[in-house]
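We call the chains A, B and C, going by the order they appear; numbering starts again at 1 in every chain.
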Amino acid sequence: MTPQLDLLYRLADDQLILGHRNSEWNGLGPILEEDIAFSSMAQDKLGHSLQLYGLLHQLGEAEPDTVAFTRNAPQFHCCQLVELPIGEYDFSLTRHFLFDHAELLRFEALATSSFEPLAQVARKLRGELKYHALHANTWVKRLGTATDEAIERMQRSLDFTLPYALGIFETTELEPEIISTGLFVGEKELQARWLESISKVLAQTELQLPDVLIATPVSGGRHGEHTEHLQPLLDEMAEVFRLDPTADW
Amino acid sequence: MINSHDPRMNRLGLADAAAPAAAKPALDQFETYEVFHQKKENAPFTYVGPVHAPEADVAFLFAKEQFSRRFACTGLWVVPTSAITVTPYVGDQESAYDALPPGAVWTGLEPADTTEAQSAAYSAGEEDYDIFHLKKRGKAQVHVGKVRAASGAEALQVAKAVFGEQRPVVNVWAIRSADILRSDDDDRDIWASTPEKKYREAISYKVQDRIDRFKNEQPQP
Amino acid sequence: MYGSASTHDLPTNAPTGLENEDPTLLATFEARIAKGEKIEPTDWMPALYRKQLTRMIEQHAHSEIIGSLPEGTWITRAPGFRRKMAQMAKVQDEVGHAQLLYSAAETLGKTREEMLTDLINGKSKYSNVFNYPTPTWADSNVISWLIDAGAIVNQLANAKGSYGPYCRALDRICAEEAFHLKYGHDAVVHLATGTKIQREMMQAALNRWWPAIMTFFGPSDKMSVHTEILMRWKVKMASNDECRNQFLDMYVPKIWEIGLTVPDEKLAKNEATGQWEFTEPDWEDFKRVINGDGPCNAERIAVRRAAEENGAWVRRALNASKTERKYVQPLA
């Protein structure tokens, strides 16, 4: 695998799986208006993954539909964070907060990537990601300073989710090359920026960021090792498509 | 447990028969904020509808997706409904200003932007108010300008002097400018990709060719 | 998405209460409507007008939020990116429509809390078609195309009604529905002109849904004092039969042209009268389902209730930490 493919697959698979997961909330949200907002962001994630699979296709990989709907879990490069079931709203919001901060910073960095087609996509997504981060921050600040019940829930979700979130930054063997060719600043640098960014928001709440240095990242996703949740998700997602993968749906 | 065709619902584990639910507590759905959008640069802000939200920042998040996800937008304002001063509605050919009870006598429009006049007005307890007109029943309130006044009621009187010649004006809203949460010009890019989301536009679904091809393939009777 | 099939009109012998209204105010109100002007929330209006509109807009709102569920059934399984994203956007729009309509109803004095309480306790009705299941992807497509098509016939008529906030909401809804209709048609055409599996799935879904589609606009209107008044006040804009006939006129040819059959041997247009003839729907069954005994009634309500209950802590938290404000009805 080339550094470009390696990076693009990780990004695209993250977006596809999280977009899919978040779409499960559609019609089940805690407030009508929030239901709508959360769905928009899930659609955006699907849109991002489609653009990234489009870049992969230009590099010689299969069509986006084929790549998204016919692979099995071991062929996916997403982090395990995005595979987890939606749980309750505190978990889904916490995941959204932790993931979208990383996403915003990642695409900010990619805007100057040496791979110009990716840099273009990254620049285009800027506005969308800004809204996602604004949404996440507003919710975390509101709930993280509200009732004891809400603070407790959010804290529990944060404690549970953080090790998975650290898995976002799992590297592959191609990391040195990805950095040296100017494709991307690298996961270590991204993680540092991310930590600073989420800390600033959490500092405005009563939530405590667990000690990142002693947390064990949940990794493996970037190497095709996944939770037991991914394969059922893929089977469900492709249930209709796989009735006839050659048909035009 | 209810067995659904929807895998999401099966994951919720819905009980077969539930006891009647308690009535929702008051304000379970929060108060409302009224939302105004700007379709394109330099266009006046126009009323689009309310959202239910606990605070203005949340109202803004909600309004952005509820009222500007499908159509072009360059700006958004949200205001607590309770902060808006409203005239009665009059007929489509009339002016709501004529129906205003006589109020404080207004002494003419000062040059609005001179620092001196402004600071004098502010020190006298006056503030900026944004004024909106409805031109026809069933349509939407549109921003017409600002006045300075010490209260919503007074703002309507001042607006009558400034905009009262316009006809028809079916209904007027006055909002203290400080009560409006406005999108930042620097954040306009949050709407930049809206036109690219073609999958939710009718124009992307062109299926006539496929229908014609199908018809041609059918054996002729 | 809405059809008159949900509107429980008042019993024909119920009092109109008009004799208790101030004759001068009533005359002004009626003159305004006759002139083609809209009624706005703070205008004087007869109690019957307020009551009937509240009921109608509230039911319409419930139909949107419940109506998002049968298509939502396929949201995680839509085949391919194009369908997946559009299905999400469409279901999202239905929730958005509910939001618009609850707000319009709220301007008449019933709070959103009260409306949602009535929905999850089964006290309010919604369009009966959503009490039927969508066992395949093609069922979802039938709704996207034909139920939305029916709803558009209805909504375009209602958008010419007399209540300002409802008209504003409907204008916005109709603009969004243009996408739904095209998307639904596109999806159905792909299946109907596709592989054997796809064609069979499509025809089976249409066969399942046709009886419900024929009831979508409700039974023939019984002309009563109420109907006459509500038409004069531009609350009811078109008769159920007119809407049904218009729908059949527009869509039966489109169903036929893609090789699908309609499971009703009697269905044909009488060119002399311009009216479609068809097998009379089973209105007894319709009543039974609307009163709670349909295949999905329990599930639809249970889902809404679960959503409300699971989100309660979120709303409690936001409510506890906000600035105190006085509740006022939305303005328009």
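Everything below uses one rule, namely that a contact is a pair of C-beta atoms (placed from the backbone, for glycine too) under 8 Å apart; a residue touches a chain by one contact, two chains touch by 3 or more.
Values in this document were obtained by computation on a predicted structure and should not be read as measured data.
Farthest chain from chain B, judged by C-alpha centroids: A. When every pair of chains is scored by its C-beta contact pairs, the maximum goes to B-C. With centres defined as mean CA coordinates, chain B is found 32 Å away from chain A. In this assembly, the C-alpha centroid of chain A lies 36 Å from the C-alpha centroid of chain C.
Computed centre separation for the pair chain B/chain C is 24 angstrom, with centres defined by C-alpha atoms. Looking at chain B, residues 7-8, 12, 29-30, 51-52, 54-55, 58, 66, 197 sit in touch with two or more other chains.
Within chain C, residues 69, 72, 74-77, 85, 89, 96, 99, 190, 303, 306, 312, 315, 318, 321 each touch two or more of the remaining chains. Shared contact sites, meaning residues of chain A that touch two or more other chains, fall at 24, 28, 31-34, 36, 40, 43, 47, 142, 236. The residues of chain C lying in touch with chain A in their complex are 65, 68-69, 72, 74-81, 83-85, 88-89, 91-92, 94-96, 98-99, 102, 137, 187, 190-191, 194-195, 197-198, 303, 306-307, 310-318, 320-321.
Every residue of chain B that touches chain A in the complex is listed here, in rising order: 7-8, 11-12, 29-30, 51-55, 57-58, 61-66, 69, 187-193, 196-197. On the chain C side of its complex with chain B, the touching residues are 32, 35, 37-40, 42-43, 69, 72-77, 82, 85-86, 89-90, 93, 96, 99-100, 103, 106, 111-114, 116-117, 120-121, 133-135, 164, 167-169, 172, 175-176, 178-179, 181-183, 185-186, 189-190, 192-193, 257-259, 298-299, 302-303, 305-306, 308-309, 312, 315, 318-319, 321-323, 325-332. On chain A, the positions that touch chain C within their shared complex are 20, 23-24, 26-36, 39-40, 42-43, 46-47, 50, 64-65, 68-69, 88-89, 142-143, 145-147, 149-150, 153, 236-241, 243-244, 247-249. Residues of chain B touching chain C in their complex: 2, 4-9, 12, 14-18, 20-21, 23-32, 34, 47-52, 54-55, 58, 66, 70-71, 80-82, 84, 86, 88-89, 91-92, 137-141, 170-171, 173, 197, 199-207, 210-211, 213-215, 218.
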